[in-house]
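Please go over the structures that come below.
Across the two complexes that follow, subunit A remains constant while its partner is subunit B and subsequently subunit C.
Presenting the complex of A and B:
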């Protein structure tokens, strides 16, 4: 019998992530110190920058929306035992689908454009995920390798399209013309204004609600349907899946398609909600942050929501930080993000083991 | 003279009190049996002696002197050797290299090897442990691999030898050879501790026997003065039936027909060769064989988790191979499967009991309401199964890994039997299962037979085959080397056939 490392649920889901986060922040503080700034000031700036005002909260949730979509994308694949590194590329191509619909049909009313934009984003994202999925299921090509490569292919393809095909004539910058009004996702401050509540103008928009709906549906699918059950069986134990008559290769393809659909949601927020045009590199790393979000959120929609808001806050607070303290540039924020990922993911057991030991010592008395 | 003495060994893992003030005395020149159900604390105790765990309290004395054993190295230094159930050998090294591994005796290998060779030749003569020193380990039969492990322990100066379930991988004849070897070691003054759950072995080879239950020693007796029944009762804590009660089989029509079946592994090596047999309603057919002789592959091919390369499997007339039916389709036709390797195939360890109770049947209408899983139905169905099959604790929400092996197996059995199959494939139904549950599982299987179902039983436990089967097929090297009616089968005869001697010659 090996030493068990089981913790009570609340410690597992609450205390442990908090400890990891605290450790990451302490270490970040040390680095800030070395850079010659006061860590306490930096920390205050980070928090107020992310949550201190309506504007800050709006931006934080706008970033979080992207991370919810990509976090869910990574998590669904992970539950099926697949490490999808390609959410970035799937979000990029998914956004192409959404963007094209918006360009062509933007003059239609919003309620008609939205479902088509959602479908186009989902379809394009799923299509981009399908090729690595098929290669894994039928040819055994490792999904980690193929999805990474498909990120590069997606980037190259989008550069070509934006520079040579979709670019608005008569300008230098590789981006399309602006979408017509029907393709604009209503911003939250606009919606609130209609019911008489005043809120600072931010890109925080309706797709946040769509992301929450997606999270709810993912939960329902994974834990309340027979297909979700089959997906989790295949992810946990492929041998048992075969025994149960579940085809692991079909699960691989199905899970990756769903993963691509979710990644494709990013375009709704980023393109329809914020940029209102197709442009180069609009996912800007959200696909990779999604990996960290899924990891920290334990691949569960509730955890992913929390982690996405945290990373949204880091993104927003971080940009405020680099604005106010010039010695800490944007890369510093990436360092903090990296430390959070390091502590929450790779070094998870640093605190788990002593914590478990603490519980073991407590336990015999309360038998 | 005492070789090993344990005084008041106490060990806890969180809430589990694995060893409760265990005391044990093993004399020099004796074979001491240690028996108990799974989870009785035998392995923990042996791991304490061998330095994998440290006891919370208690004392270990070797040859009368107190010692501190905090690592396997310290155990070896104290003269304690251990032969694990799963051998710790480097498969592509020679016997000699394996034996000196970790005790090379200097920086240069050649001189160490030469010295070891002389020493080993002497040891082999002294104990009658002939092993080809230059053979590559992977090419040796398991019986010989085990000898290598024993020789390795002796080479390191072990006076106290612990054998953990040593016969699990051996054919009966190989086990007998092992017992002769143990007798030899005893005559040379070594102390041997034999950890096992097989009463037959305890009776055959030990001088004294210690029985453990729930982490404590419940009896220590001289083997001569006890009986298997008495030991079994002490292990379980109540009276048990060692023999399965069953009437004659009422055999009906043929349900499953296997014709010239061949299964190859990933490397294209045939594991099942030209196997043909029929399985009829109302009978249990046992497949006997030393582990690794194609029984597992045969079972998997029938269940649909492995693709045969040739041959036919017909279930009531339908050809499962040609129609390429997957396990799910086979289940619908009434072919259920209790897999050999429960933990890797039969259950999902991170899932709850109720989620495991629908594995393979999760798309049945009874468990679904529209698009969603009917959680209430799944739970009440699992509760029902737990009541019917006495699964403890009867809590469907508990993770399956929190159940003992016996209770897990009862749940798997409940899942497969409740689906009301016509044919049930059963692999190692009582592996890692305690005696109390074994009795229950055996009675269920016989009841299923009496209800007119056809059962195919694969087991490496001869006692189980002899106790349950109406007809016995013996496999060796992927072939069926003979068929015996239960009445003609004896352990001796089966053993010879399992070793590859054909039926005619064996009789």
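Presenting the complex of A and C:
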């Protein structure tokens, strides 16, 4: 009665997301049309703006790095049947951990700072995720609501810290001083220059590699370990999990901790790789984009990588759009993000139901 | 005497902040009582705020603006309904999607239509805004501090939508607890099977609830852009939709306690504005951020069952019917 007919794997993982994405893009084109610009021109500008030059590609992948981290964070929780809307706050507090290490130990050599910065970011992110996780597991507080509340609490806490405590003395804007050289994530163009390849200077940095490693580890964990198996069973069917001797509350806490660890990775890219200081609202919505990325990527690391690059391209191409088409601005990208979440998440059955009906007709006699 | 005036002004500010919260929270109440999580409050409000300001700027009528705000918000509500009721989509995702989409759509359309960097034109013509209604003799009454000042500041001097919000509390309580519709609404959020067995359409009831939520969010959004300020600016809801959701939970999904929660949250907001940089005797400067975070902390504590207990409608979040 409940779940619609199963689709073949390739349709479930390939065709359906593509159809949903196409619907979102067509609707976005329609909005551009209504605004009095040509959707084709806008589309071309988006693509060249995102992939047309070394600089564009660098920026696209730099944005994508953030989205891989937050997308993985949302996905791990989702696999455990939890909706983590708090990746934004977890990334914010995780970045605080990373930032503090960078401020204190920035004069150390990079190879010594990096592991500590990763640990601090992971620890702080996980710590921030722990409270809603514990409340869900032990007191039954709805994790969607508590993580939303924790986003606001994180924002208030960070504003307080940056305005009153961490601010560099003698300046107006609430930012810390710049990190010392040891806390700077090497940029890809610098690394390439060392082996003699020239690449445009962009904030695209080593954290991209760390994000890929994280994606690989998440895959290994979810599909090749007992804990990952337990997590997915508990997410799919909590009742069955209990009979299999899996404790749903332990899975809840474990999944959310991992989710916070992954969200905490954002600070490596954004703070150590790009900003080189702690500042207000540095996650700038990446936690919410992570929801779109996870939904589109079907909560699988490979899909998340693809979706993150797509959203990175949108973020970078969108700023190009606003230069060339006076009637459009970067907010158009936010509209597209919203539409992708709508079609890939909330409206996914719109296409699945007719597709499933199509398959049933193809294979008569079998249901 | 000085303190007394300060307190009265603080309470008046509380009422002004509470009104849109209350409208949105009651909107959420109808939706959530029917079993549909209303994470779209923020988006519906923001959409209505933009539409109301845009239409009021073009037409010169605040009333047309209100109508546009309501129509926009209801359209967004129907979109959520279509996804969650008809297609059994995830309610949390639907609400988030609409909120994010609208956050981009407002400034985008604003730029395309008005060329003001995503804002709408300033509303300064006569009749373009809902302005304060001064009750008879309010000016004279102000001379007498008690009860004159109370009358002048707390009862008189608000715009029409504030009075509408206030009247809505007893009205929704009546609808919810004293009408056939209210009974069915509460039932469908607790046990949709039972409602279905009684021969009443779950789908129709939930759509009605979602539409009511749309209408009220429309009024709330209009309040922000056409009554409380003069025009739409980017992200002008600034999390008020989520704060309203917190108030709804804090009020345990009931009208009168929700009013109390809205007033409490609005009071912390007004207090934070008032205490900005002021050193209190014996305490020193209280960081504004701590006061502003208080509603969220309180809601988490409540959800955790440390202060009272909040039990959501049983069937909330689960789609109904076979597909």
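As a convention for this text, the second predicted complex is superposed on the first by the 355 of 367 C-alpha atoms of A that agree within 3 Å, B and C clash if a C-alpha of one lies under 4 Å from a C-alpha of the other, contacts with A are read in each partner's own complex, and residues count from 1 in each chain.
Assume a contact is a pair of C-beta atoms (placed from the backbone, for glycine too) under 8 Å apart; a residue touches a chain by one contact, two chains touch by 3 or more.
Keep in mind that what you see is a predicted model, and the values were worked out from it rather than measured.
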With the two structures laid over each other on chain A, which partner does A:191 touch: subunit B (first), subunit C (second), both, or neither? neither
Regarding the shared-chain residue A:15, is it in contact with subunit B (first), subunit C (second), both, or neither? neither
Looking at A:43, would you say it contacts subunit B, subunit C, both, or neither? Reply first, second, both or neither. neither
For subunit A, which side has the bigger count of touched residues, subunit B or subunit C? C
First, second, both or neither for A:157, with subunit B first and subunit C second: second
Touching A:200, do we find subunit B (first), subunit C (second), both, or neither? neither
Dual-contact residues of subunit A (subunit B, subunit C) 1, 4
In the complex with subunit A, residue positions of subunit B that touch it: 12-16, 18, 43-44, 303-305, 326-331, 337, 339, 344-351, 355, 358-360, 362-363, 367-368, 371-373, 375
For the subunit A and subunit B complex, residues of the former touching the latter: 1, 3-4, 220, 224-226, 229-230, 232-233, 236-237, 239-240, 242-247, 359-360, 363-364, 367
Footprint of subunit A on subunit C - complex, ascending: 37, 39, 79-80, 82-84, 87-94, 96-109, 111-112, 117-118, 234, 239, 242, 245-246, 249, 287, 289-290, 292-293, 296-297, 299-300, 303-305, 312, 322-323
Mind listing the subunit A positions that touch subunit C in their complex? 1-2, 4, 31, 35-36, 83, 85, 131, 135, 139-142, 144-146, 148-150, 152-153, 156-157, 159-160, 163-164, 288, 291-292, 295, 327-329, 331-339, 341-342, 345-350, 353
